[in-house]
Amino acid sequence: MTEISTAQLKEPVITLSAGPVTCYPRVLQGMSRTVHYDYDPYFQEAYEQIAKRCAEALRIAEPALILQCEPAPAIEAAAASLIGNEDLVLNLASGVYGKGFGYWAARTARRVEEIEVPFNEAIDPAAVEAAFKAHPEIRVVSVVHHDTPSGTLNPVAEIGRIVHDRGALLIVDAVSSFAGMPIHPKDCLADVFITGPGKCLGGPPSLSVLAVSEPAWAHMEANPTAPRASILSLLDWKEAWRSGKDFPFTPSVAAINGLEAAISGYLEEGPEAVWARHALTGRACRAGIKAMGLELWAAQEEIAAPTCTAVTLPEEIESAQLLAAARRLFGVVFSSGVANTEGKLFRIGHMGPVAEPIYAAVAIAALGGAFATLGKPLDVAAGQAAVLAEIVAGEV
Amino acid sequence: MTEISTAQLKEPVITLSAGPVTCYPRVLQGMSRTVHYDYDPYFQEAYEQIAKRCAEALRIAEPALILQCEPAPAIEAAAASLIGNEDLVLNLASGVYGKGFGYWAARTARRVEEIEVPFNEAIDPAAVEAAFKAHPEIRVVSVVHHDTPSGTLNPVAEIGRIVHDRGALLIVDAVSSFAGMPIHPKDCLADVFITGPGKCLGGPPSLSVLAVSEPAWAHMEANPTAPRASILSLLDWKEAWRSGKDFPFTPSVAAINGLEAAISGYLEEGPEAVWARHALTGRACRAGIKAMGLELWAAQEEIAAPTCTAVTLPEEIESAQLLAAARRLFGVVFSSGVANTEGKLFRIGHMGPVAEPIYAAVAIAALGGAFATLGKPLDVAAGQAAVLAEIVAGEV
Amino acid sequence: MTEISTAQLKEPVITLSAGPVTCYPRVLQGMSRTVHYDYDPYFQEAYEQIAKRCAEALRIAEPALILQCEPAPAIEAAAASLIGNEDLVLNLASGVYGKGFGYWAARTARRVEEIEVPFNEAIDPAAVEAAFKAHPEIRVVSVVHHDTPSGTLNPVAEIGRIVHDRGALLIVDAVSSFAGMPIHPKDCLADVFITGPGKCLGGPPSLSVLAVSEPAWAHMEANPTAPRASILSLLDWKEAWRSGKDFPFTPSVAAINGLEAAISGYLEEGPEAVWARHALTGRACRAGIKAMGLELWAAQEEIAAPTCTAVTLPEEIESAQLLAAARRLFGVVFSSGVANTEGKLFRIGHMGPVAEPIYAAVAIAALGGAFATLGKPLDVAAGQAAVLAEIVAGEV
Amino acid sequence: MTEISTAQLKEPVITLSAGPVTCYPRVLQGMSRTVHYDYDPYFQEAYEQIAKRCAEALRIAEPALILQCEPAPAIEAAAASLIGNEDLVLNLASGVYGKGFGYWAARTARRVEEIEVPFNEAIDPAAVEAAFKAHPEIRVVSVVHHDTPSGTLNPVAEIGRIVHDRGALLIVDAVSSFAGMPIHPKDCLADVFITGPGKCLGGPPSLSVLAVSEPAWAHMEANPTAPRASILSLLDWKEAWRSGKDFPFTPSVAAINGLEAAISGYLEEGPEAVWARHALTGRACRAGIKAMGLELWAAQEEIAAPTCTAVTLPEEIESAQLLAAARRLFGVVFSSGVANTEGKLFRIGHMGPVAEPIYAAVAIAALGGAFATLGKPLDVAAGQAAVLAEIVAGEV
């Protein structure tokens, strides 16, 4: 982003990022609520209610585990808490985040096996099956549902079934899919299911919300290397939702207020309605992208996430220049690739408040203009027509 | 707090806690600002500016280090990052937090020496001098400026001078003193100076603000056990303030907006003016407490913090009942003791928005009523008279 | 207020004014909601719901009439709309606002009869009875329930019964009593009942909420001088609450959002609970005022409003100096008298968020300090003791 | 709007109305500021500063006159205050609001002369010149700069010069043009210049901001029918901006806070920059509208306002159905015509936060989809291409 002189930059007009997203208005209002003392019973009662409302959204029985950090360190904490020196870990890597988990797993694991596929493809459940055959002692499997830097989905339901049948524990990173499509711990039989408010929930990006199964808690409690008295400890926070129980350290009160607003909004609108507008926006966007002459990054459209459309960057276009042009001309923010996908793709987020079909049209317009100024005019007309056709067709 | 039925509890009316504090109104408004994408140059520029404004408040030259967690885990991270297997650590324990640091230090230190004093007293600089004589190889010293669970101050300026002269590194926890009284890294020659927005700055309790000296950075960089790719890593965030540089993980955008408001408010009001109202409120409160027949917890009033008044709990009174009575009758929230100080004292916070003299009168009134209902009437009249006398005398 | 140099003034710390009051936090959050287009059905539906919720609070059957101005001009509009050239008006004046209504009434009335009592007393229903005997053709009677500049109440229930029996129409100004004590249109048989969100509801001070009876609407419709196409017209807004109907002019969308929050808060907390804390705060404050050696302005304590305590100004004290001292020393804001009561009394508001007993103690403390600096020390000790005794006794 | 079932309606996604507009985020935050007591010097000082900042934006010397109601009643008040029984008024009517002013003027004027042109055309200055020749005693002239229901501009600079040369007084309604294009009192030599925060300033719609010339004040003061002690009185508020002076009635404190934010945002961004994005958005939108096969309402494009694009409704399309389709499919809100223009045109607002070029693309996309579902497909491709071409060309 070196060519942008930030000093003169205006605030973005419309952010279509892969997250954090501009929050819903009710979330912003929620974060302006009075910050209460964490020992006061009023806040403690509120915290318990929020943990239960998160559980309702996650469709689990026990109050959710809320960690006071965003999902990346929460995943680090989950790895540190769950994986002991005796554990053989199978890491499934179909993208940057999946690959990255392997490093955290390796810190404490006995050994990490890895299945890696190109970052525009998905993990084949058959390969997981084969790995278990080769290494029946696999104790923990980890997978990313939506690997955001690639905008691709993994078949976590099938993978979860295999892992569960083998008696292993499954960690699922559903950070940028939960609340944007139908995915819950029970859908993929996850033992540690990790998400956060900063993506499809349209909340602030500084908390994590986890569902942890009883076997996973038991495994942590038996794990001698599981951190305690540490921000890396899940166990410290296990019962922290109980009103009357002290928090291990001061919770992020303002963000908790924002989480409350985000979760309540999600439940009140109705999860099915929320997923539907994410799906329609994604579908309209992909239709427009293809029609205007660009290519989806995902090897097959079926694995393209409804919450984030990754688009292959044409060879002659530089990512930073493209994004800077959209930003400068229209005030529209897109996401570049990350790490291994940087320079190979760019991304259009459809999460939370911008998971609305009109933003597919916004994306096509802004991209059309940006490509044109970079000397590569696209068929914007066809793109917009395809967007509109999907939206009209998508109306119930 | 088991005797309080939370279901019927109203929101507090006035919170005089030891933190987190109800934020300043401008902070609450700040947290309702649009959450921007952390890769967008607008946010990156804002983050850089905020790091610089924090530095201005800290009176340091380099942009401050902002960590995306509240101070307790930030101190854990500082210990993990700074203290290596070769390091002899001298831990100074005059309270719960000082004592607690020893456990974190012990994780990676070669050995931890400790000077411990009763939790209503302060560390004697002469003892530090003596420790260096006995163990000249001490490499890291840690001290809490204001040990909040005791409401007592340590003479960090003198201690800092000794540590500096010996060429060791000093970690200072100034979480609940910075911005409530004149204390800065240079005042105590701190190498790692840790504070946060949730106490005297009247901001949200989910970030930490650190000043790290060049020798401390160098020591971390040479430390083979210093965490990387971890929420416990200070090094990961060293240059994160630079606009154009990616963040190690997603920063807490909404809280950063709140921090911006808190720091700007502090600088605009003027640090000296802010300290003066903290000091006057503390002084008036202590005068009232003594006049009404209670005893300060601090062995000498000179070490009583201006930001938090700890009061010895009379023998026949239970802390939980006292606080519950004040809460029920008046909606006023106080803090109990913590860990070792629990059941021995209670605390009246004077931090941020409630560091205003009128709240000393509020404290005396609410305590008077609460003690009375518990069958121990105090001399509220004398208490209020003493409060008023201090306030009137304190007017410039 | 000439002796205050505003340039150096800080924001108030605690406002105990006779209104506008600092709003409830949820009201402030409500006013930060997106401002929607008034023709959009979403806003129109919301407006209808709010008019209905106001009716629920007013305990009337039809949706309330909301006017887009604060109550003073709303009362002007009510006078202009209701009172025609044929109408003999009986104006009841026990304070500044009651007296003032006479001027508005006189603009269009055939004639205005007036019963005036000293501004520290209340209207005697027998005098109203007598006026009707003397002038049986009285068509409209107007009375202020709580005349805020005096802090005194009129017996509107009895007056309403008399007016109703005589077949006349009754205008009741309940601006600063509604929602702070049990008073509704049906309690006083009001034909035009006027209140607003800026006092005991703890909302923004720029709207009015009215209940208008069918006979009153009929009288307005028959009134040839009733304004139309005017901000003084009540008739223009009669059906404006209906979703799908255009507004006569643009409604105050942001304030409407604030009103929604204020009314919802009132209904959720429970009117009885809200009145109880207003009553207890007022009772405790009056007890403290008397015990510290000051005199209530009201000739009999029974007519002292629970929502505002008016205190006789001792002869040797100047109102502006007293209020300035409380403001400067403590950041506490009180109200002076207004017009005829200026220089004779000062007032302590107990409305909305500060209708909490602890603020009675705040008032006594701040007044004690202020009087002391003006050379007139009061018995603050006795005042605080009396406050506490009332609060403790008031606990259920 | 009868065909829309509001019960199921979602909040709008993007509002491109002719105002009120969704406010700027900083305005929403501003309205969540503490509501201060209007007699407190802190608020009085703030009010004075805001009146001065409004003057800076209006480019006038004296603090602006702020009225506590939205512009329609403010114009009613201006007419009532300025126009006396001796005054011959020339009313210039090129649209619904211009026409409407005649009714208010007629209430108190000796007589009202009117020049009326079709509502898609502008007043010809030569006709004003001719009117003065025919009626040299014309004392007051009134004109609407941007008659929002038509989206058309009048040549107020030329008209103002004529009126001024004749020694008459000019009332200019600049409600929906000020702050969206270069127009100030001095540009049109206005004696009463009326605007408000709810349009191009992106503020709340419940205040009015006026500039009143000395001759206009003098005329009002000499006008025996000028209202006093009334919401229709401008004179009551003449000096109300002075700190220390009481307000005639309680000002709309929360909205004043919003106005402060709106004006400050306008001045900080820079008026020229604000006008430029309004102009570019309007230009891009008009280009798109024409290219997609629709017709501008304005008889000549030169009189089409940059702040609102009025589009002729094709004969076979019903306004309500069109707007409902855009609302339902895309969540995009447009404005219909009003009164005489209802059913003849629809309008796309470019005011305040949506005066950003990307929203021209949004408008074309949403209209394209809406027309298509109503059986009238337009050339959206050409429309979008034209929009993009204007935006790219408009980049500096």
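Just so it is clear, A, B, C and D label the chains in written order, and each chain counts residues from 1 on its own.
In this section, a contact is a pair of C-beta atoms (placed from the backbone, for glycine too) under 8 Å apart; a residue touches a chain by one contact, two chains touch by 3 or more.
Bear in mind the structure is a predicted one, so any value in this text is a computation, not a measurement.
Asks: Per the definition at the top, count C-beta pairs in contact and tell me whether A-B or B-D has more.
Replies: Greater number of contacting C-beta pairs: A-B.
Asks: Same or different interface residues for subunit A and subunit D, judged by whether over half of the residue numbers are used by both?
Replies: same
Asks: Averaging over Cα atoms per chain, report the distance between subunit A and subunit B in Å.
Replies: Once rounded, the distance between the two centres reads 34 Å.
Asks: Roughly how many whole angstrom separate the Cα centroids of subunit A and subunit D?
Replies: About 44 Å separates the centre of subunit A from that of subunit D.
Asks: If you average the CA atoms of subunit B and of subunit D, how many Å lie between those two points?
Replies: Each chain reduced to its C-alpha mean, subunit B and subunit D end up 52 Å apart.
Asks: Which residues of subunit A are in contact with two or more other chains?
Replies: 28-29, 32-34 - these are the residues of subunit A that touch more than one other chain.
Asks: Can you check the complex and tell me which residues of subunit B touch subunit A?
Replies: Of all residues in subunit B, those touching subunit A are 1-2, 4, 6-7, 9-12, 15, 17, 19-23, 28-29, 31-42, 44-45, 68-70, 72-73, 76-77, 103-104, 198, 204-206, 229-232, 243-244, 249-255, 258, 327, 333, 335-336.
Asks: Can you list the subunit B residues touching subunit D in their complex?
Replies: 25-26, 28-30, 32-34
Asks: Given the complex with subunit A, which residues does subunit D contribute to the contact?
Replies: Listed in rising order, the residues of subunit D that touch subunit A are 13-14, 29, 32, 328-332, 356-358, 361-362, 365-366, 368-369, 372-373, 380-382, 384-385, 387-388, 391-392, 395.
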